[in-house]
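Below are two complexes that have chain A in common, paired first with chain B and then with chain C.
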Partner chain A sequence: MPWLNVFNGSSASGKSPSDRVRLGIIGVGDRGTALLLNIKSIAEILNVEVAAVCDDYVPHYQRAIELTEGKAKAFYDYRQMLEMKDLDGVVIATPLHEHARMTVDAFRSNIHVFCEKAMARTIKDVRRMYETSLQTKRILHIGLQRMFSPVYLEGMEKIHRGDLGQITQVRAYWHRNNNWRRPVPADKPELEKKINWRLYDDISAGLLTELSSHQIQIANWALQSQPVSVMGSGSINFWKDGREVYDNIACIFSYADGTQFLCDSLISNRHHGIEEKVLGNNGMITLETNKMYSEKPPSPPAILRLINDIEKDIFETIPIGGASWIPETAVQYTGEFITSRYRMDETKLQMEAFVKYIRQGEAPKELAEQGYHASLWCLLAENAIKSGKVVTLPKGYEI
Partner chain B sequence: MKDLHIKKSVLQRELIIWIVSLLFAVGVNVYVIIVYNAPWTELVTQIHYVFVLSLVVYFIIFLIRGAGYLVRLPFRRKG
Partner chain C sequence: MSAVYHSGFYAMGTRLNLLLPSIDEEVGERVVHSIRHEVQRIESLLSFFSRESEVSMVNRYAWREKYRISEELFTLLETCIEFGQLTCGAFDVTMRPLLDFWKGTDSHTVDEETVKRLREHLGYEKILLNKDDLSVKLENDVIRIDLGGIGKGYALEKVRLLLSDVGIRNAFVSFGESSVLTVGRHPNGDCWKVGLRDHRAPESSLQMFRMTDASLSTSSNVLVSENGDPKEHRHVIDPRTGFPILEPRMVGVVSDSPLQAEALSTAFMILNDSQIEGVKSVAPDIHVVKIEHFLESPVAHEL
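What follows is the complex of A and B.
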């Protein structure tokens, strides 16, 4: 995968390996904290430091200072942070609607950007972020961490090598069973929107931008293409608590070769959990569970087949009447593992990559493109759901 | 506790019976490899199943021998 060349150790232009990479973190909520801790864990090995932190929410601002032992400069306003002269990159982990202006401002301050997915709240902002990255020649790394997961990388290698035959369908789901709410201090109800921003339409597209964006990227990656159209449906059918975003969605993305990507998400039942399945005429890969299922599973050893046959002859009943149709239930076959290297932390790997891209002074163009297409199509899926129409890529958004 | 003494001849006889059982199990494995058109590497890779099968065969022979002993028991002279 092109974006992994960074791990080969080649260093083009940019900072020399002996120079310390200095990062700023904008937004130190749950995700921002996780990213900060990841950077701290690679600080010594990769010679990187969290030089600045920023959050306009006081508890997060204070937590950021504690996490950096007071060594990082702390800001309430990201624009002041961007004025720091020796900042190489920023990590943006704020609510979705703030991504675009922060990213563009960082680019204009000559700073590389790692921005959490999805890219932005509107397709115009997605485009603006992407174009500004190209104009300013700054790195735009979107936090779609599965691109750095050994399971996904080896799985994609198998898919692209043709181990599954022709890919005929991708399906993905992400099911949870919780209200997706975070507690708001009782004495400060005005913070509701700031804390539960994922539930409000002007800030987030809900399940689409916060969960499905990962899976849209995976489908595009597997099919080495982007959709040509999307249709979908969604509603609030369970969590009727004043939220503005859907609590269940289902979409079908169509690709130029006729392949469909079926994607759904809900937060009222967690039985199915999360999965991405890539189906071909020779087999299927389930990426979240690191499994590959051949359509022609390998036979068990001959000696076991003998035992099975004897057992079958003894215990199997002979039908003498009844239904002439047997239900085509799922194949009972446990499959094989895609890789044994599944214990590596993909979020940490992507932070390592970001630091190395900064040191190289550039990132593979495919990295930003993957983020662009995933972000764009989850917003187009939202349009499809809201309009009830099949939505295609608007003119001017091709890259 | 009383010491248990097993005669050398008894030990040899049981060992021979088990070796025969093992050879039989290997023979079964060869047969099924041919019948199911399986790779010959299964002669080695499935040796654990062959070993278990040999013990099962040995146990079946043990039961048959036990039954024979019980049948013959009333006709034995006391002495």
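What follows is the complex of A and C.
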């Protein structure tokens, strides 16, 4: 994967303060806090520091100051933060509809951006972020969580080198069973929309932008392509509590080679949990569970030898016996692991990569492209659901 | 350079591999598809582990009152009972509870009385078949029918029929590497030469069989991994005593019938040489090889 080159070779992170990568964090809510803590955990090794924090919600603003032991400059307004002279990059973890202007403003201030997925609330904004990144030659790193996960990287390597044969379908689901609400202080009901922004149509596309966007990137990654069309359905069929975004969606993305990607999400049953399955004529990979299931079992040595003999016109005795089957246990084929390098710290790997890109001064173009396509297509899926039509890529959105 | 079609799939807790010399991909795919379908059908009929299999239904309900079963299962149970009689009880499909008992226990502290009591409840003769209404009744609620010792052989019988139906003249089928079905001959020979692997030198064989349209089944109480290392001791219960066979041993039986090969290889793990000769006198076309001292100094002798 091109975006991985950053982990190769020496990281050349000098120890001196002048070499230090200085980051600002915009939005220190749940996600912003997680990102901040991850940066702190690599601060020493990678010579990076959280130099500034910003949140316009007082409790988060104060928490950010505490988390940085008062060493980071704190702001209520991100524009003031962007005026800081020595900021190398910002990490944006604000509600979706704010991503675009913050990102574009950062680029115009010559600052690199790590922005949480999805990119923006509208495809126009998605395009604007992407183009501004190209114009200003600043890094646009979208926080699609699986891109640096060892399981996904090794799984994709197997998929791309043909271990599954021809890829014939991708399917993904993300199921939870909760109302997806965050608590709003009882004395401040006016904060509802600020805190539960994921539930409001003008701020978020709900499940599509907040959950499915990850999986759309994974499907694109597996298929090494982007969709050509999408159709979908969605509704609020369970959490009828005044929310504006769907609590269940189901989409089909079609790719140029005829492959379909089935993607659904709901928050009223968690039995199936989360999974992405890549299906080929020779096998299937389930990425979330780190498993590979081949349709054709690996051949035992005796069979391999016999095939070899026949192909080479050799007539020899084939030694068999020594049952490897244990008939008295319930043996079921439960697949093989993709990799033993199972790491759960994807967020940290993302932050490591961002810091290293900044130090290099650039990132491979595929990094921004993956974010662009995943974000674009989850909004086109929303469009398909709302219009009931099959949606294709609008003109001017090709890259 | 000769072409050979090869495919495989998982079934019955193991893998089935199929080699069809001089058969092209398209025909091969079609053949393996129908074989897979058939083997999976048999598995869903006979599986001890699937709650919904017909055998599981029998195990759940047939001790209370007689239970009607399919003609296919009925015939197979009849065959199992016949093998029980032929081998003086050395082949017995009701021993599962004893196997579970031994698996869950430390052999040194076994209470002989418990084994004896459990054994008294088991035995193929306690499966009562009624041909008039195709029903089965189990004499008590301890017995469990487990066709694991014959399932692959039965499936290979069906594979053999399928191959002959579609006009395949030469084939080599390995089911779990312990049961082999051969049809016709190797492209460069007049038969298929199949050996019993010497685990000390996994590339060589202790005994070789020349097979045409025949099946080889092997049984052992030691599992050997692909590189030849002994993996674990496997319990093989002597149905006559209820105790496991401890001496590391392997038996190979070649027969025209895969079902017969599999049932007899299981039974011959338990019977002594003269008892095996006795069985051979009624089934003269089989070849039997027994390997004693399987782990340290395996020596094959043909019976």
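The definition used in the following text is that the second predicted complex is superposed on the first by the 354 of 399 C-alpha atoms of A that agree within 3 Å, B and C clash if a C-alpha of one lies under 4 Å from a C-alpha of the other, contacts with A are read in each partner's own complex, and residues count from 1 in each chain.
Following the convention adopted for this analysis, a residue touches a chain if its C-beta (ideal position, glycine included) is under 8 Å from a C-beta of that chain, and two chains touch if they have at least 3 such contacts.
Worth saying up front: this structure is predicted, and the values here are computed from it rather than measured.
Tell me the contact category for A:L306 with respect to chain B and chain C: first, second, both or neither.
A:L306 sits against chain B and chain C alike.
Counting touched residues of chain A, say whether chain B or chain C comes out ahead.
C
Counting only touches as set out at the top, which of chain B and chain C does A:K395 meet: first, second, both, neither?
Touch partners of A:K395: none, neither chain B nor chain C.
Once the complexes are superposed, what residues of chain A are shared between the chain B interface and the chain C interface?
The overlap between the chain B and chain C interfaces on chain A comprises residues 299, 301-303, 306.
Looking at the complex, which residues from chain A come into contact with chain C?
295-297, 299-303, 306-307, 309-333
Please name which positions on chain A make contact with chain B in the complex.
299, 301-306
Applying the document's contact rule, which stretches of chain B touch chain A when the two form their complex?
By the definition above, chain B touches chain A via 28-29, 32-33, 35-36, 38, 42, 45-46, 49-50, 53.
Please name which positions on chain C make contact with chain A in the complex.
1-4, 6-10, 12-15, 17, 19, 21, 48-49, 96, 99, 103, 146, 148-149, 151, 172, 174, 176-178, 180, 186-189, 192-199, 202-205, 208, 216, 218-220, 223-226, 228, 231, 234-235, 250, 252
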